[in-house]
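Look for chain A in each of the two complexes below; its partner is chain B in the first and chain C in the second.
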Partner chain A sequence: MNKGFMQEYFRRNGQFMGWGLLIAVGFWVIVLIILPQISMLDFSFRNHLPPPEMGGPKDVYTLKNYQYLIFGAENNPEAYNRVDLMVFVRTLIAATCVTILDLVLCYPIAYYLGQSKGGGFLRILVLLLIIPYWINEILRAFAFRIIFGDSGVINEFLLLFGIIDTPFDFIRENVALYAGLGYAYILLMIFPIYNVIESLDRNQIEAARDMGASWTMIHRRVVIPYAKPGISSGCTMVFMLSAGALAAPQILGGPSSLWFTQLIYQWFNSGGNWPQGSAYAVVLLVVCIIIVLTVMRLFKVNMGDIGK
Partner chain B sequence: MKTESTLIRVGLAIYLLMFFTYLLGPLILMGITAFNSASFPQVTPWEVLTFEWFHVLFNDKRILNGLKNSFIVGFFTVILSVAIGLAGALMLTQIWPRIRATYYTIIIAPILIPGVVLGISTLVFWDRINVMLGFSDDSFLHNGIFLTVLGHSTFISSYCMLVFVARLQRYDVGLTEAALDLGATHVQAFRKIQLPFLMPAVGSAAVLAFLASFENYNTTTFTFQKYPTLTIELAQKVRYGINPSISALAFIIVCLTVFFALVHEVRTRRAQLAIANGAPVGAVKGGFEMPKFFAGNPAAAVLALFIAGAVATIAISQVYDPEPAKAILLKEKRAEQKKRIEALQERLRAKRLQKQFKGPDIFGSGQSKVPQPPSKTPFGNVFDPGNLGGTDPNAKPKDAKTPESPGKGTFGDVFNPGSLETTTGTGDDKQ
Partner chain C sequence: MSAGVGVDLQNMWIKFGDFVAVREANVNIKGGEFFSFLGPSGCGKTTILRAVSGFLDPSDGKILIGGNDMAGKGPNERPTALIFQNLALFPLMKIWENITFSMEVKGAGKAERQKRADELLEMIALPGQGDKLPSELSGGQKQRVAIARALCAQPDVLLLDEPLSALDLKLRQHMRTELRAIQKQVGITFIYITHDQGEALTMSDSVAVMKAGVIDQIAGGKAIYDDPSTAFVASFVGENNVFRGKVKSISKGYAVIDTNRTGALRARMATAVKDTLKPGDDAMMFIRPEALNISDKKARSDTRIKAVVQHSEFEGQAYNVFLKGSEDKEMKMSLANRGETRLYDAGLPLILDYDADRAVALPAGELASE
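Showing the complex of A and B:
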């Protein structure tokens, strides 16, 4: 850093405040964010050793953990570690589906909230949106399990009206999982889009309408291009969070479909192999970041738009 | 043109209705299950209105312990994240422009990093530090609360930072400069000028931080060690056996959330109304202007209704005794059970007759379908499972299903979703 800046910084903040800020931010950025990630990365390249052997002659760097994810155990008859890779791919696809589902579900309401003139009704709507978000993640998943269970409300309802004869297993078919995940991140999709659309000048829409643009045309040519930063910010958050979700898959996931985070969880808890789990976590993180950056590049949106 | 706009309007109304059904329906249904006496959380079939699940909840030691840990973690997380978030936001306003974008990316990243990754990296990092320093396994670096607080603060600080950035955008730096010109030290200028301006943001950041910490699962599940928080306890309960006492907890949490949201709404609305009417904010804070106050403030009306509902519920729970209704239900169930058993016996008997008549009598199979009075059969004591099983091997699998073995079904076994039938069996046995 150049000296002039540091001098200016301390002149503006004073010695005490200046150092206080630097220490707090330094602690956050270095000790809480960067070093743990680096140490996880470092750990993922190590052998799985009992604590006394750490730092000993066997504690060398290895690619073993990543090889395991791709090729499976050494005596694996197949060319690739099909089970884990399939779980990974399925997680990413499912997260994409959840993101699209949320976008379709939330865009109209975000547009409606952003363009209406305010007032008591609107405020109540916003309140109703926020309330489910403050309910515990586990409890939200639990609610969906009650609804979609064999003797859940939906099954009872369908049986009552004779639409089906035997209870439909929503949990096994992952309907419950998608509904629960989509539900969990609705707010994260609505608010970024809402914030952007709120600042859209209503005259633009009026002008487009006056010049004869149809309803779909207005959205395609005026609203969506304007709301793009909000849409991509919402999609990024929903995608990352649903790919990294753990509670909903554990509670709502079918017995045959694992989520990638559940594999990581197993390596850490029942497996007890931390380096292997770290390697899986690194893969999840890196792939998610790559996907998000690619999508952001495609839609020409900056990182600075996130969190607005 | 006009029909089109009506169409859009109707479509919008339907959409809004469906959207909010999706949003609130699950929570409402979950709340209802807390009052159903069935031992599995369900709305249908409705059994008896009961408040027993709240008693079960309040006597659950693990839940209470989790609640305590959650509060401890939440408290420290709030302090740490609000301080760090404030520092991060202040730094953002004056950092060297060239590294500003990088800095922003780094401090916003924890929001996007999956929670499991944050938990793992925190755990691995402090474990490494612990090994490096040569501490034992039970040093404070391995303490569940310490790790959980740090793991939470990593990303909750980012939330707080965003809250402060929004508020700081409206801050006039000239105020601080004026204070400094007038001879205040930097600390004084911060404490007397900038901090009071930021106070509302501190409040909302603290609430946000506490709630985010309280409901976090993904990060905590890797860092809690010996101090499970409420969320962890809940997750284990939900994963290994569902029970309506969780619905009771959810009901309480939903009610508290709604209550505080409404209180907040009423207060902001009141301040707005006051300002709109040209009155100073302080003037309306005292009195409680009834009719006018309600007219412009739907939230207040809802709040009043809500409180009335809560009071009524508590009053009912004190007076109401579900036992008589339960007894009736038990009787009904028992009658149904008996009917089912009799039907089963009938079927068994028919089968046995069929077997007996097979071969020698070709008309026997037709005859055996005719129900016969039980006294005529040699198998009078059908209630003894061993008896049935011994005589007819075909009956065995069905017999296992009948709830006649009272040994298994104690009332303590309410966690078992299938215990509904066995419970009735015990009731039978008691009489």
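Showing the complex of A and C:
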């Protein structure tokens, strides 16, 4: 059967195009995705050595970098590396919150887009959603910093109407960070959900309505079960990307809240300790994957459905 | 059997923007009746059903169900249940959950729902299949589940939108009988939509024939077939041979129509036009294939047609003979198979005749396109 598939593939694309495509995809997957990740993994198990000693007798595999994340430096008075682990957990919790926030925000929009019968208004709405993505991420983050700042539009507005008497520090309270991250990934949540909801037969909704179902009932029993693959692929992307975001936390995060990616960045950049940074990055990746798989398990979503 | 709840459409119009989907519908459906709307695709059947079930509001006129004005009432406030053209079963719910969804909505407990589902599954002859998913059933089984789901809500009026159109011929014929039996059993009003005239004629107490948003005739199946009120109905329901011409004379309910090619032909005037058809009017005469015979004795000259056999076919219960007369279109004659093996070779000239009572004279009008 596999052979038949390949034959069919070559028959359809021709020898030249067929090989060209295969090589391009192969290059992309192997050179740009698999190799860097493997070398990252390799790095994470090595000692941090000055260049002359690389390949020398000290260049052996070690678990030291992982131990550091969990237990801290050897002279750490505490049992665990409390600071870094706290940052790690806080990042995951915050990413979860951003994901939930986006889901709550995007589900109604996606439902509306998917079920309304098109028309000019719809196209404008989609355009309004896409246009902000033409703007560079850093720029967008700074724009958020400005509107959420002490003398930003929002504070000015609240002051003007006497809702507050002193400016509210959105940055310190991480409101700006959550808003910025949530905003950054809205489309990634909307489109997968929109895609499945669009294929939902309107008659099913009407049938439920005909049988007296309330709107919550219709969504709980008909729409959400149907949209589950879209919801989970949206949530996966938003969660992964916000846990791995760097620019937004850097720019919008409060002074007291480090994002785990910022730690990784410090190890790589200012610390110059690539093996240590790699270990941190690998842990983040693996834990995120485990969380996503567990949640999918919990909600009975198949990996295969997500690609749909 | 309960008296059932009737449905009245009073002077109902439905417009989408400037487009008139339903024009001045006046229909009186009696309680407990099996009533069909019959018409070609796009004539507004679904639109009428959606208006009755409350998914859209008529632009003008009234809908009464059991004598109560339904204006401003949503689908869930009406005593109707709709079976959709594509059934719209919930694909991710088990069959028993599908069937009892209307009870779940009202907060009925699981045990109660399962008990009811079992009863209904029994009724639709699918006992023990409650734990399957819709995708695991055949077309006919899905069909029956959709009926059970609608009946579970205990509606007074069941609305069915071409529910058999997706089934193959054999199953469709079987489901017709079954639907009719279910209707007799539950005794509620059925409003049935179809573009299949066989379906409408076999199942219904009354049929409304529609053409492009207009209801042409409402009558029992036999009257629709034998005594159509417009040229459209005559040509849409069953097969008919058409002769065009002008009314030459009228006497005692019969009209002689001067077809300038075939000559003068006599036909009974349809009941609906008995008092309005006048000499000189453009008219059409319709003769069913089974009303044509091969003339043996000397028939009256005004019920006689000369024609030449083009080809013939054997259909089992009948021979169909296609003939060319003086008109442009071929005529079809259907002779019952009584055991004799007669074949009519191409080129054979024949003289046909018919009983003037079985031919219908109507004012000229638009025909149903084939």
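The rule we apply is simple: the second predicted complex is superposed on the first by the 280 of 308 C-alpha atoms of A that agree within 3 Å, B and C clash if a C-alpha of one lies under 4 Å from a C-alpha of the other, contacts with A are read in each partner's own complex, and residues count from 1 in each chain.
Everything below uses one rule, namely that contacts are C-beta pairs under 8 Å (C-beta built on N, C-alpha and C of every residue); 3 or more make two chains touch, one makes a residue touch a chain.
Since the model is a prediction, treat every value here as computed from it, not as a measurement.
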{"item": "Clash or fit (per the criteria above) of chain B with chain C on chain A", "value": "fit"}
{"item": "More chain A residues in contact [chain B versus chain C]", "value": "B"}
{"item": "Which superposed partner A:L122 touches (first chain B, second chain C, both, neither)", "value": "neither"}
{"item": "Contacts of A:E206 with chain B and chain C, given as first, second, both or neither", "value": "second"}
{"item": "Where the C-alpha centre of chain A sits as vertex, the angle toward chain B and chain C in the overlay (nearest 10 degrees)", "value": "100"}
{"item": "Partner chain(s) touched by A:M217 [first = chain B, second = chain C, both, neither]", "value": "second"}
{"item": "Chain C versus chain B - closest C-alpha approach in the superposed model, Å", "value": "6"}
{"item": "Touching both chain B and chain C, residues of chain A", "value": "none"}
{"item": "Contact set on chain A toward chain C in their complex", "value": "201, 203-204, 206-214, 217, 221-222, 225-226"}
{"item": "Residues of chain A that touch chain B when the two form their complex", "value": "1-2, 5, 9, 12-18, 20-22, 24-25, 27-29, 32-37, 39-40, 43, 51, 54-55, 105, 108-109, 112, 120-121, 123-125, 127-132, 134-147, 149, 151-153, 156, 183, 186, 215, 236-237, 240-241, 243-247, 250-251, 261, 264-265, 268, 274, 277-278, 281, 284-285, 288, 292, 303-304, 306-307"}
{"item": "Of all residues in chain B, those that touch chain A in their complex", "value": "4, 8, 12, 15-16, 19-20, 22-27, 29-30, 33, 40-44, 83-84, 87-88, 90-91, 94, 96, 99, 101, 103-118, 120-125, 128, 131, 150, 153-154, 157-158, 162, 185-187, 190, 211, 214-218, 221-222, 230-231, 234-235, 238-239, 242, 246-247, 249-250, 253-254, 257-258, 261-262, 265, 269, 296-299, 302"}
{"item": "Touching residues (chain side chain C, partner chain A) in the complex", "value": "53-55, 74-76, 80-82, 84-86, 88, 90-93, 101-102, 104-106, 149, 153"}
